[in-house]
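First up is the structure itself, then whatever we jot down about it.
Every chain is named by a letter (A, B, C, D, E and F) in the order it is written, and numbering of its residues begins at 1.
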Amino acid sequence: MATALEFLVAFFLIAGAAFALIGSIGLARLGDFYSRLHGPTKATTLGVGGMLVASSVHFTVRGNDFSAHELLVAAFLLLTAPVSAHLLARAALHLQVYTPVDVPGETTTPDITP
Amino acid sequence: MTSARLFPQPMVSVVLFAVWLLAANRFTVGLALLGLGFAALIPWYTSRFWPDAPQRLRVRPLAALMALLLYDIVVANLRVAVLILGPRSRLRPAFFVVPLDVRGPFTITLLASIVSLTPGTVSAAVAQDRRTLLVHGLDVPDIPHAVRQIKHRYERRLQEVFE
Amino acid sequence: MIILAGQIALAMMALAMLLNLWRLMRGPDIADRIAALDTLYINSVALLVLLGVVRGSTLYFEAALLMALLGFIGTVALCLYVLRGAIME
Amino acid sequence: MNLLVAIVVAALVGGGVFLVLRTRVFSVILGLMLLGYGVNLFLLATGRLRTLVPPILIEGITAYADPLPQALVLTAIVIGFGMTAFLVALALRERHLTGTDHVDGTHSITRDTEAGAEIEEIEEIEVSEARADA
Amino acid sequence: MNLLWTLLLPLVGSALALMLRRSSSTVIAWTAALPVCAAALLLAWIGPTVLGGDVLREQWRWVPAAGLSAGLRADGLSWLFAMVVVIIGLLIQLYARYYMETSRELGRLYALLGLFMTSMLGLVFSDNLVMMVVFWEATSLVSYLLIGFNREDPDARAGAQLALSITATGGLCLLGGVLLLGRMVGSYDLETVLAAGDLIRAHELYLPALVLVLLGAFTKSAQFPFHFWLPRAMAAPTPISAYLHSATMVKAGVFLLARMYPALAGTEAWLGIVSTVGLLTLLFGAYSAMWQHDLKGLLAYSTISHLGLITLLLGFNSPMAVGAAIFHIVNHATFKASLFMAAGMIDHEVGTRDMRVLNGLWKHMPFTGALAIVAAGAMAGVPLLNGFISKEMFFAEALAAREDGIQWFVPFGAVLAGALAVGYSLRFVMEVFFNDEGREHPQHPHEPPTFMRLPATALALGCLAVGVAPAVFVFTPLTRAVTATLQAPAPVIDLALWHGVNLPLLMSIVALAGGVVLYRLRDRAYRWHDRLPPIEAADLFDVLVRFTRHSGGRVNTALENGSLQRYSLLLITSAVVMGVTPWLRTALPGTSNTLTTLALSLPDAPSTVIAVMLVIGVFATVRQRHRPLTAIIAISVVGLFMSLAFVRLAAPDLALTQLLVELVTILLLLLALPYFATTAHDSPGLRLSILRPLTPSSAWRLWRDGAVAIAAALATGAGTFLMLEQPFTSRSAYYLENSLSKGGGRNVVNVILVDFRGFDTMGEVAVLGAAALGVLVVLHGMRFRLDAGDVQFSRFAERHPLLLAMIARAMLPLALLMSMFVLLRGHDLPGGGFAAGLLTAIALAVQTMASGAEWTRQRLRTDFVRWIVIGFTIVLSTGLGSLAVGRPFLTSSYQAVQLPVIGKIPLGSALLFDIGVYVVVVGTVLVILNRLAQLSQDLNRVGARS
Amino acid sequence: MPEASLLIVAVVLPLAAGMGALLSPLRVRRVLLIGTMLLLLVIAVAITVRVDEGTLLLYRLGDWPAPIAVMLAVDRLSAMMLVLTAVVALATGWHATGGVDNEAPYFHTLFLLQVAGLNGAFMAGDLFNLFVFFELLLIASYTLLTYGSTRARLQSGMHYVVLNLVGSTLFLLAIGLLYASTGTLNMADMAVQLRTVAGVHAPMARSGALLLLVVFGLKAALGPLSFWLPSAYTAAPSSIAALFALMTKVGVYAIIRVGTLMFGREAGALANVFEPWLLPVALLTIAVGAVAALSARALPRLTAALLIVSVGTMVAAAALFTAASLAGALYYLAHSTLAVAAMFLLAGNVRELRHRPPAFVFGSLFVAAVALAGLPPLAGFIGKVLILQAAPGGRAGIGLFVAILLSSAIAVASLSRVANTGRAIRVRLAGSQPPVPRFMVRHAPSALLLMIVALSLFARPATAYAARTAGQLVDPQSYIDAVQAASGSR
């Protein structure tokens, strides 16, 4: 049982790290900014997710008590990460960062008034 | 004193209470009572910042949505991983506009967030009139399909949860 | 086994962070650098959780929690600076 | 580990010193921040390094990291923030008044601009005032 | 008490004069002069005792540690001097009453004169060398006020300035000499020092002490080459000149020579220095006096010359010469004071002192003329006047000294000086009262009032009396004074008028004749003199002063060049040098040993990752310094990994605080960044006037700074490493042992912060509050003025992105909850007031970022300065609470409260303290951020209008 | 122990008053400021009287036992500094109520925080606590120095702030090095530990000690670290410049404190670690100040230059670390602080005049000049005599003699120009009518001058106190014993 759970923990650790790494590879490797943006904002999210599952399992097993505060980290990240991505994309658009595709513009008029 | 006055934003209070217990990572009566106190006090102050916080939601559609989301995130993550590691020339990135049916600002926010959280798409801008969402896709061979996907899988379910 | 997996995961995280840092220094656009910083924050959360598991310690957790809650603020502020110059206006 | 910390302290201090010696006030601010990080790390290290045993008492554990340097560093971090904030404000005001971000406010500092109470003889002062006006 | 009263009475006069300064001049004069009269009577009263050979002493202790005892001592020398000071002082007071009749400043004049008199009396009566220096400098200081009496007159100010600079500096030299004497003798007591002459002269410090004392004397007595302040001091009103430069101030120097004679004289060095300086001064003064056209200028140079004469006499190392010197001191005081008064009367009645304008006054002012003739005769050494006798003695001593080894030029010089003295005395009389060339005077001349003539008359009569019957009038006091001076029986002083035809008489005749010839040849001489380059010592000194100040200024500007880089470099270099020096001569652990420890301390993987990221982050920050926005991103990386490093190094509290502070700092820097943008790149959202680029640092400067940086890095790095390799024991075991039992908390860091060292935290919180106030003060009233074009919006520059606003609002309750969580658990687990406060502040600041300042302000409805006050009050109250129950400030107490259902809850004062900290931190951060944000809000208002 | 409670009051009172001032109208703020300073003066005198009995006053914060507790420890030296602080702050605060205090907000609070920082620094018995109070007085001083935000104030203020921020990091480094080698922060305890440091700990502690010297030297404006001072003090409002006469003394105090307590003769490997550096640096300071005095064109800058000279003088004396030299240094310190403060205030008042100063003002200027130049009969002269008497033989003694006499001569020559002050030559100001200085403003310097006169008249008890203080300093064992004996009830 312990070995199986340990295996599970190990799996999630490596899976999480792998997604984090892939996200960063995406950030480093992809050709234009908007594409690069996809790597981190998702792979990293799942990367942390994997770690959190590992942590939850690990500490629940070790501590004889249900460890759930990992859920909180996940919730906070899921709440906030989209805002970062959104603003990054928006900032890039504002900066007129090069993009190989058209940006449909009619629908995004500036919002000056609060 | 009615419970409405005690908990002006019951949803928020519930979430806060849950977060409190999660953060404490253990349960005692004392902690719970303290958490209850904060769950009552904090919305009492913050409601002026967020007066239109959702007052209620449907639990079953929410659960369904979350399950779907989890599934989508995992699956799409794998797909995107392959895309990232594969040759760059295979990518077909595109911006596209998603017309919105949801109206509430918070719901729109949630939709945009979901779009961003699921791999392969990022919501880049919400129009001033809040009727369209500008989305960037990493690999979008078929834009109308992508739009339908978002509206069908997420927007509809969101409406079920909140509206 | 957890220790070994932890070492491998750690190596991967290290590589990920180095890649982020490379992007951060490389740019070319300011948005790239901000995105790299954002990723570094999120990776740090992952790293902290990972360390917690490997070392069997819960004391890394507070930092991870606050980083998850507030890590986006740096990104937001930088983006707002780019968007409107005044981050608090 | 010891070497690692030493290298990091060295890097932070070196970078900080270099930036503190720049002409732009913004660089100086960054330099002071780096210097502060370096010194904080050093101060933490004065209690010698421990990992995994933060000074949070748990039954059964007797060896902990030295808590005192941690308290000192915490104080130093907070004070450092206050100082940085003030320096930023001062830099802003100087920038506003002088139009430059040079740490001296200008390339050639003005001396005695507000002195008054001159103790030179009249003629010299008049000459110098005329020069100042010209 | 007699001596003390002598000193105090003139002061009483001063005080009265000052109090009655608005009264009539007569009242002022009387009230000031009466106490001086009393002092004179007192002196006369003790006269017989002193002249009988007794020494009077009065002693008080002032600063025993400094060897300062306010002792007074009267012997023959000091009594004689005091008499001169007081009597001439009285006459001057009488004279000044008329001379300064119209001045509204008469009260001030009398006050200062009284003060000066006291200083002089203190000087002569001091029985302690340090006290003597005190009074010495006092005379310099009062003379500064007297010479610069007309504060509106630049010449008077300059003269005063010069006099003070020279004489007070001389006084400082004297102080040095006196201190050396004290070191040699072991006492500053005058008699002890005077009695220790042999010891002093044999001591290795003798020469420096001698030189220093002589510098004091020479500057004060206007000896060449320090003479030049005296003519400039003539800018003073004439009564002041008459007093200071005949009888008192300048005589202090020669008094000192006389006073110190037993201790210092009698050596080759004394002979060589004193007599050489005296002779040079004698000749130089006499020569210069010949060319003066201003009456007072002539008198000034003649004074210099006569002081030289006295100095020369004292330099002869001969008791008889000392007698002559002291005699001449008195004589000179008498005739010179009366001559000054005469000059003043002329100036007063005629309106000029220029001898080229004055002529033929005899017919208008015969009485004044007679006085002037008598006094000038004394100055020239005409027989039957007092000056003749002392000059005779001088010639005799000059001749005698030759035998003692002084060269032939001493008597020769003496005669030459005598001839010159006759020449300028003749000028004084002839060119003023005779030589009637019919030139108009500025005012119609007439005799001055009787009472104005009275003092000068008295003095002239004195000249005559002493000149005719010297033995009757001065023998006893002179002998007594000489005895006191020598501290040994005086030689028999022959004061007879006629010694038969001898060499001195011959010299007198030659001098008189020569003087007449010189006077006759004056026109030719003037023409010759006019062709000479007009070099004046005072001008040379001015040049010297200006040069010194100029070069001083240049050195100063070169050092204090106003460059922060220079100062920082000095500071950092000093630190590196001082920090490294102790290691240089220390044997460091051997190489093999180090290698072993190196192997033992191999880093683990996560630490290495963090360290590598930190180093790269630092590198990136430095590299990107020219692009502030990028540099901020880079330094954020450093901050982030610092926080991770703290986690790694078992400091979770630090990690939390670092993380949060880092975020706030980024906000801070970004709020300021629009104004520090150097390229459009740094300021994409806002086209504010981009700063002009500064001159890039030269390659050499970069290398230099780089070298210093590397040195600092190596020093701190090596120090850190060596430190870490050496284990130690600290007092921290106490904290670990007692944190739970006595502090009631498991998080020892937090217990230290709020309990063990809560006082530090209180100070720290005060620092934070002060920083917030400082920001408000520095930015008080500041607004950037901008053009509409400075702010540019693209279609994507949404002002308040919907997503951000919604998430921020949703996050607020969560963040507040987490703040409470972090705050309350801080005592047992990582967290506490600081982290909680920062968390709350960030959550509230994000509202402004997301929804705008106005929106947020409407909802916050609070003044965060008040938060600082409230929070700090909580902190203080916690401390004072323990004071109220009789325990020291900040003594914590906690009670485990047993509550139904909930169970045991520890309620501690430390928690209250931490809550106070929390409130202050929230207030501080928001005050600062909001104030900085206001600057940008001004900008955006401009943007919105466009 | 009710007497020892005075110590904590001396810190808490100004802090509390400062907070109160934040919520009060101007008139109340002024009353708070002056009232607090008066109370502090009374407290300081009471403390002085008490510690002059010969035993230390100790206050252990939080009732913790001796080396653990953050401790306020007051001996004669600290007490003297408290009195000096109260006097100077009272006079300058009084002067500031003439209107400077209303140029920008929060003056009174910052002023009181500054005083709290000064008092705390003078009483701190713990090295890190000393750092905290240094920071408090520094942050307040940063603001006060740039108060009113004129161009010159900002320019020189920026230098002051940046240098002191670097200084603060150096201070932390030094504390770290000393803690790393002794394991304690309590200065008395550290002194005991330092006696036995060995191995790498010895050079480490020496390194920390010398870094402390750099930090304190920067505060005191010693040697090559003084160049920031003249411009900063010249530009500052005169009330503030006068208050800042105390700031350099914090550095001097700290040098004397740690130099005698921690690095004195009994300090083993650390014995006399300051000595080889201090005298040369002090002589250099005198030279630097004298050169600055030579070129000063206006009274404030001249005062600042002479302030540097005076710091050099007292540090040169203190550098000998003998009872006699310390006594001279301390007496001179008290005098020169008052003199510099008075001169800054007067220079500020004269700055307002459009014509030659009236007799009273000129008289005050003259007395202040005499005091500043160290001429008799005022206390500065006595101080210099004491210092010169304590001079050793040999090159050090010659250096001291020459430096003090020469710098005094330069001071006299420079100050002799004081009669030139206050001419109506500022053409550019011709239009504006300068305000007539209020009573407070006019007489604040007089109060300081009276103090100088008192210090001179009562030189006998004053020098005796200085001698007793010095005696206490050169024999730190009683201080250490007293601290070690202080145990708590917890």
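One rule holds for everything that comes next: a residue touches a chain if its C-beta (ideal position, glycine included) is under 8 Å from a C-beta of that chain, and two chains touch if they have at least 3 such contacts.
Computed from a prediction, not measured in an experiment: that's the story for all the values here.
Chains that touch both chain B and chain C are the following: A, E.
Common neighbours of chain A and chain F, by the contact definition above: E.
The chain with its C-alpha centre at the largest distance from the centre of chain C is E. For the pairs C-D and A-B, the count of C-beta pairs in contact is higher at A-B. Comparing the CA-atom centres of all chains against that of chain F, the greatest distance is found for B. Taking the mean of each chain's C-alpha atoms as its centre, the chain lying closest to the overall protein C-alpha centroid is F. As a whole-number value, the distance joining the C-alpha centres of chain A and chain E reads 68 Å.
A straight line joining the Cα centres of chain B and chain E is 73 Å long.
Per-chain Cα centroids separate chain D from chain E by 32 Å. One simple way to say how far apart two chains are is to compare their mean CA positions; for chain C and chain E this gives 59 Å. Multi-chain contact residues, meaning those touching two or more other chains, occur in chain C at positions 10, 13, 17, 30, 34, 36, 58-59, 65, 69, 76, 78, 80, 82-83. Residue positions of chain B touching 2 or more other chains, listed in rising order: 19, 23-25, 112-113, 123, 125, 128. Residue positions 23, 25, 37, 39, 45, 69, 72, 76, 79-83, 86-87, 90-91, 93-95, 108-111 of chain A each touch two or more of the other chains. Residues 796, 798, 801-803, 805-807, 809-810, 812-814, 816-818, 820-821, 824, 847, 859, 899, 901-903, 905 of chain E are the ones touching chain B in the complex. Taken in their complex, chain E has these residues touching chain F: 61-68, 108, 130, 133-135, 137-138, 140-141, 144-145, 148, 151-152, 157, 160-162, 164-165, 168-169, 171-173, 175-176, 179, 182, 545, 548-550, 552-557, 559-562, 564, 566-568, 570-572, 574-575, 578-583, 586, 588-589, 716, 719, 722-723, 725-726, 728-732, 734-735, 742, 755-760, 762-764, 766-767, 769-771, 773-774, 776-778, 780-782, 865-866, 868-869, 872-873, 876, 879-880, 882-883, 887-892. Residue ranges on chain A touching chain C, taken from their complex, read 3, 6-7, 9-11, 13-14, 16-18, 20-21, 23-25, 27-28, 33, 36-37, 39-40, 44-45, 47-48, 51-52, 54-55, 58-59, 62, 69-70, 72-74, 76-77, 80-81, 83-84, 87-88, 90-92, 94-95, 97. Against chain E, in their complex, chain C makes its touches with residues 7, 10-11, 13-14, 17-18, 21, 24-25, 27, 30, 33-34, 36-37, 40-41, 44, 47-48, 51, 59-60, 62-63, 65-67, 69-70, 73-74, 76-78, 80-89.
Chain F meets chain D in the complex at residues 128, 132, 135, 139, 142-143, 146, 149-159, 161-162, 165-166, 168-169, 172-173, 175-177, 179-180, 185, 231, 234-235, 296-302, 347-348, 350-352, 417-418, 420-423, 425-428.
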